[in-house]
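Chain IDs A, B, C and D follow the sequence of writing; residue 1 opens each chain.
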Amino acid sequence: MNKMISMEEVSTLFTDGMTIMAGGFMGVGTPQELVSAMLEANVRDITLIANDTAFTETGVGPLIVNRRVKKVIASHIGTNPETGRQMIAGELEVELVPQGTLAERVRAGGSGLGGVLTPTGVGTVVEEGKEKITVDGREFLLEKPLRAEVALLKAYKADKAGNLIYHRSARNFNPLMALAADTVIVQVEQIVEIGDIDPDEVMTPGILVDKIFVQGGCQS
Amino acid sequence: MNKMISMEEVSTLFTDGMTIMAGGFMGVGTPQELVSAMLEANVRDITLIANDTAFTETGVGPLIVNRRVKKVIASHIGTNPETGRQMIAGELEVELVPQGTLAERVRAGGSGLGGVLTPTGVGTVVEEGKEKITVDGREFLLEKPLRAEVALLKAYKADKAGNLIYHRSARNFNPLMALAADTVIVQVEQIVEIGDIDPDEVMTPGILVDKIFVQGGCQS
Amino acid sequence: MISTLINPKQIIAARVAKELSDGDVVNLGIGLPTMVPNFLPEDVNVILQSENGYIGLGPLEGDIDPDLVNAGGQPSSILPGGAFFDSLFSFELIRGGHVDVTVLGGLEVDAKGNLANWMVPGKMVPGMGGAMDLVTGAKKVIVAMEHMAKNGSSKILQQCRLPLTGKGVVDMIVTELAVFRVTEAGFVLEELQEGVSLETVREKTEAAFIVNPALA
Amino acid sequence: MISTLINPKQIIAARVAKELSDGDVVNLGIGLPTMVPNFLPEDVNVILQSENGYIGLGPLEGDIDPDLVNAGGQPSSILPGGAFFDSLFSFELIRGGHVDVTVLGGLEVDAKGNLANWMVPGKMVPGMGGAMDLVTGAKKVIVAMEHMAKNGSSKILQQCRLPLTGKGVVDMIVTELAVFRVTEAGFVLEELQEGVSLETVREKTEAAFIVNPALA
């Protein structure tokens, strides 16, 4: 099973109307070259699941700016003014989710759970339209699982089996999204041979990773 | 904040009737010296939360054999015949929990969730007495959080801030239990200075660890 | 690959092996299922998941590492490309559909795909361990068991009598006599093991079953 | 430690600093709260948690690592003894009560401990980020804010008008004029900042409050 993939092949993995998850926190830990591939593939009407919409020029921001997104599910959109502008203009649907709840929903989608019972958002607008479950006298919101057709991850290092190591605060949502998509594509800075990563240090096991794209486009 | 602790101090941390979690899978990853400390402290009537009751001589098994346990919550008791014998004789209460559900319940207890919605156990005796929640037409069991007063962990290495690294399959339930107890005590093979562990390699952050006992009893 | 199958367990394991594809992530229950890899062709490599927290389970080679055991507690190894993780993540993989196939033993399987294999009331209550999660979450559930119990009774029933491990979870049963698929319409007999007649299977199977036309 | 407090933000940050104890795990919101560590005595070391996935947040020192930012997206460092983890674990810590104190800004706080700080309908909808989880899960929630809005209206209300960030979550408010605790009985004025009179606070606070007898 060769998981290595070229930029050209990456472009073929997207279709209009897809639901896409992308790792990253204000662009840090977002696979910028995979985002560019999406842009060049001219994919439209996507539903985007990401922590935030980053900035106009970085992270997943350019997908918003270039109007490729129909709906975004995120915890924060404030650093990309174009997101708010399109939302207010009625051009973009935005579902705001508390950051911890977003992480839990992605994990629930990837780990076979029926949803999450969280105290976060009780008594706020976040609870609107959601079922409340009382456990031992305390109220929790039932937040539903999220899944995507494609997850775009960024890792520091991969072996050819797809085992991943992330670097510093660029880890963020990447490991969760690896669980929750039909196809998982990772952009890595460095590729090593199978056996070169100590199994105790693996942060995402290779069985979750379908395609590996080496940053800069060179396949070893 | 000095977290280092001697065997004598360990003994003072237990009281009769406590709820204790202990890491390990058939004894692998169980802090054997902390278990011995409990035995020597002559603690009684504890509620024990662990994956299994290991063997008569190893893991948490001796706690069962020496009748220190009033109730055990575990996924497997088959390798320690004394557990089954005491259960059938009505001397020990046993709550059997599917292994994945046990892990989720401990995590829920440690992470502020109201419970877990799992498909595991639906249509079996496991669902008896539990609320079933239907999400989008599919049934899930609402499994409640578990917490303990003390968690006994085993790690391979700690720094003096309590950052932990586990080794091989000895990781198992240890990282989850670190979240879910009022006092977290870890037995380690090796202690290093703060700064000696790369922050990307930490598996349990030190803020969750209250006490560090170096195996063999020597404090550096 | 062993070519001479001398006992029922080997016959079963060898047949189960044919269900596995190169690259499959597989969780094997203790006992008979652990024999399955012995019967894989050389060009089929499966990745074994162990519910105590790793991927890449391999046989013990060289020195024993006391921190490295399989889900049965036996000293094992990890193969290149493997990874360790905690029990939470292990069951995220299992429940989340990231395990392609699980192979387990069974005490009873019924026509609705129900499986009983974890307890005999008043007799044996070892606990379900990870079995309930595995049968719920794995993409394909294969029960590998001898066709009859030691007392000669059928283990393939119209309806399970023992407490269930999972409800409507079994996809396939492989015994030393036959291979059944569980469908909406109940059991379908897909294959007879070598030298076994349809009459023998009918005689030794309590449950009703449809015979795959290809067999008739 | 800075001894001359020249502006309201410094007065607030300095007072919040007194609430923190050595070894506390603290999450600081962006803006004013990030000034708090500047006012800690030398023998008080707190451990900063950053919701994008780490503990041991430190100021940028030396070269920028593009993979190392704080929750505001700014280049930062990690201190010895720190640890990185994913967003899931970060919020396990936050929601699970493993963060001792969170300090956030506020638009409105009311007598029931409700906090509004994440949106102004029709005007500003940046999203709640991690704030809702933080106020729900942290053991102690301190709102650090200027006493009045830019238009001169009180931000300390009998009842919030803006959409809430959290219901009944605030433990303490620190402004440049005063310190309030939120109790079952509503606001309790605990302290007046240096040179501020009780009359001034009464005048500039919309909500009713009890005055701690020690102050009278």
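Basically, a residue touches a chain if its C-beta (ideal position, glycine included) is under 8 Å from a C-beta of that chain, and two chains touch if they have at least 3 such contacts.
In this text the structure is predicted, and so the values were computed from the model without any measurement.
Path length between subunit A and subunit D in the chain contact graph, taken as the least number of steps between touching chains: 1.
Contact count check for B-C and B-D (C-beta pairs in contact): higher for B-C. Distance between subunit B and subunit C, defined via averaged C-alpha coordinates, is recorded as 29 Å. With each centre defined as the average position of its C-alpha atoms, the distance from subunit A to subunit B rounds to 32 Å.
If each chain is reduced to the centroid of its CA atoms, subunit B and subunit D end up 35 Å from each other. Our note on geometry: subunit C versus subunit D, Cα centroid distance of 55 Å, whole angstroms. Listed for subunit C are residues 54, 78, 84-85, 91, 94-95, 136-137, each touching two or more other chains. The multi-chain contact residues of subunit A, meaning those touching 2 or more other chains, are 104, 107, 112-113, 118-119, 166-168, 171, 199-200.
Chain pairs that touch one another: A-B, A-C, A-D, B-C, B-D.
Subunit B contributes residues 25-29, 51-52, 74-79, 84, 87, 96, 98-104, 107, 118-126, 156, 166-176, 203 to its touches with subunit C in the complex.
Touching subunit B in their complex are the following residues of subunit D: 22-23, 25, 47, 49, 54-56, 78, 80-85, 91-98, 136-137. Every residue of subunit C that touches subunit B in the complex is listed here, in rising order: 50-54, 65-69, 71, 73, 78, 84-88, 90-91, 94-95, 114, 124-133, 136-137, 163-168. Interface residues of subunit B, counted against subunit A in their complex, comprise 104, 108, 112-119, 133, 135-136, 138, 140, 142, 144, 165-168, 171, 199-201. In the complex of the two chains, the subunit A residues touching subunit C come out as 1, 107, 110-113, 159, 161, 163, 179, 194-195, 199-200, 202, 205-208.
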